[in-house]
């Protein structure tokens, strides 16, 4: 049953050093505020799962929180590289990180299978790709009915998932609207889940088939206005595309990056 | 369609986008990659193919953005879509379920058998350059009916053998799709700023079928990392029409203005 | 690309004798009018797929259209038996039919897998049930990651699926709202699909994540007002629970049933 | 809770429903079967357990119907639900995904190891009576945390061995769940119009733990198709409270009125 916590307390209570963490949001609704709180609390040795690491994991990796990243597309969308991810992979700064790399289809199916309580996802995938040669978690099975060879990957079942959403009602039921990505799957697949929301309302005012995650399927709800910036929240504020472009220069240089983290993350209170 | 006043200038990048756009037709369902494919696909939609259906991997079905998205999941895509589904549904029901006619992809590296590398340059364990990775491409390339590829021509991009096959073209020997059930035809055309290439029907090796106006065979050979072959009946790519250039430029201006703001 | 056809023409064009047909709608939105048109056109040797055969298949079976039924729960909901289904299975009237019987979970997963273009569905199902002993389409596979034994069933990929929905726009895009069941999956899994709708509108006026099936994923759209009665259409008319109760007496007796079909189906025009 | 005025009459069916309702608690998530389980689950919600979460296989999550649904997918269920998901999602994410604490089932036949038969009486190939089939039960019984079962007590329903195991209780030898990973505890109580039974902790054989007021051991033995055992410390089921009966009757009256109309 969802408990209303401050962002500080939610992260302190549920994100442990060494945990496997999925902070999801497909371009939309990326839980940046929660990511910054993880950095402020100096969490260590996290295994970070996201289809698109995006700036949020670039920041967590550069801040030294990660020991491993599981992903399927690691760029700054429309801009270029994630320089902190590259620096960690290529040069081991600030620490060596392992990577485990999938395709989007496989990760999406693995989240779906995790939500569905299954140990594996089956897909027609990786045909002719060399990814299976560098990821030993990709296997192949034979369909018992047709004999077709299909890919199998382990389902994703994080220790904790963190997502951002538009709003929660007073029972902690959460409405997610717009590009819903794999957020619902991430929450349902995880042992524990934290949802940050723009606001609490009396009534979600949702249509019959809206993407609503019931409060009893969530552990903590924290109100964080603008909690997805520089990503966006459909119906609340647009994506800060300019910042995504500016990030390229910030992240290229270790010192510039470190100063940025100090000034914009470490020196900020969670509600700033 | 008015023909182009030859005194009007256009860039080779515009030539590429217009040519790529012309590959799409009304009634096609196209799974669109970000960047060049997205530019071309939307140009097609705004010119000769208003009925082309554009799908982005963010779950946005039949979307009609007024400006080009910077990311694959910009709000514009959702707001102008017929509907937006979850990402697992997108990959399972719509792509793998066989509803996509054309996958439209860019790439960092491509080889003579149209295999794509977006993973890394160098060795996997000690990469010289780490690229973003596969994203949607590996399954777009196999689950879509056919694949169009567009990228700028250069020796660094067009290599004899890619460092890593992220995404299947026709495999390292050109036979990578032979006998594999339930997959698409693979790449059927590659559109660059110099020319259009198609796989040889037998060997699957990429072959130049059309040169853009003002481009010579030598220009293409020079920019390709293997001994590129030319079709016996080499065509000349039609010039961009005036309205195509105007609409493309308007689109890019609108996009730039919007991305410059917050 | 969806073509607007009369119900008569849609059924005539797409439902062939001997076809595998799924007429779906989970209690809600059952395409009764389409079922009646199939009876009127005296289609033969159909393999009928539905999770809950309901009155619609009781009528089709009693009218002699079916040679096989694939289902997971064959009762009159809240009332009792489907007497025409039972009479066919137990006594071979009006003809012998084969049955292939699943659980709801397996059929739901099989529709999902069909929509997903896969040959099989994998689920944690049939544990300890004796259904696998009477349905040779239920197999078991071993998870290559955990060794867990999981059930596998063939995906459902009908020759033609028929569903009913609230409305279509002029491009044939269809909105389904309320209890959406496996309708979207049925349409996407089928080679051909027919959707009957209450009305055609200029604008579906749907929220961003509504269950909308694009016109290009549908073959025929037919306008049939009250096309789901005695089932219901959310937002249009309620379920005729009284008729569901009355059906018990009608279907118990072969003659009463045959007269009912003559009077209420055979003698009706499609638009009556 | 006011105690019942013993002069007030109640039926054995009401006793069964009230007792079944009392098995549910606030905070439980209950996957509800149609018929008796639905009646009991909604009575619980309208009395002591307003916070019980009811889920129906039609995809309706956290539903609060004002009248009892006739079918598992009546409009009332959707209109009063927190949200409604597709049927595949219901079975995959919510049931198989481990979000359901209690599955609440009825049945046609049950045996001493709480195996359920809703498939047929007689032989599969030549059935004496064809029953509706498994529906949601086979996976509810294994994927829910535990299972409550409610049905009317009779020798035809309570048989030593079911004709067909549609749905696993504890298997034909009581060991059907031993060593099977990732499944629930199975049936933990069976509520009838005569008594409450629980599986023996060792053998899993159903054992009477509580007799309803006015019911004798002989009544139960008489109505059971095997030599039913009784717990050493046999309890007496608490009487229905006045408000429970009132609310149940109101609910059933509302329901009847509504189902009689179109």
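Note that the chains are named A, B, C and D in the order they appear, and that numbering of residues resets to 1 at the start of each chain.
One rule holds for everything that comes next: a residue touches a chain if its C-beta (ideal position, glycine included) is under 8 Å from a C-beta of that chain, and two chains touch if they have at least 3 such contacts.
From a predicted model like this one, the values you see are computed outputs, not experimental measurements.
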Chain of greatest Cα-centre distance to chain B: D
Chain C and chain D: spacing of chain centres that average the CA atoms, whole Å: 28
Centre distance in Å when chain B and chain D are each reduced to the mean of their C-alpha atoms: 57
Averaged-CA centre spacing for the pair chain C and chain A, given as whole angstrom: 39
Sites on chain D at which at least two other chains make contact: 78-79, 84-85, 92, 96, 143, 182
Of all residues in chain A, the ones touching two or more other chains: 112, 117-118, 123-124, 148, 178, 180, 184-185, 208-211, 234
Chain-to-chain touches, reported pairwise for every pair that qualifies: A-B, A-C, A-D, B-C, C-D
Chain A contact footprint on chain D (complex, rising order): 27, 29, 53, 61-62, 78-79, 81-85, 92-93, 96-99, 143, 182
In the complex with chain A, residue positions of chain B that touch it: 34-35, 57-60, 69-75, 77-79, 84-88, 90-92, 95-96, 115, 119, 124, 127, 129-139, 142-143, 164-168, 171, 176-177, 180-183, 258-262
Residues of chain C touching chain D in the complex: 26-28, 51-52, 71-75, 77-79, 81-82, 85-86, 89-90, 101-106, 108-109, 111-112, 123-131, 134, 148, 178-182, 184-185, 211, 232, 234, 238-245
Touching residues on chain C, where the partner in the complex is chain A: 117-120, 122-124, 137, 139, 141, 143-146, 148, 150, 152, 154, 177-178, 180, 207-211, 234
Touch list for chain A against partner chain D, complex: 1, 112, 115-118, 173, 184-185, 188-189, 206, 208-212, 214, 216-217
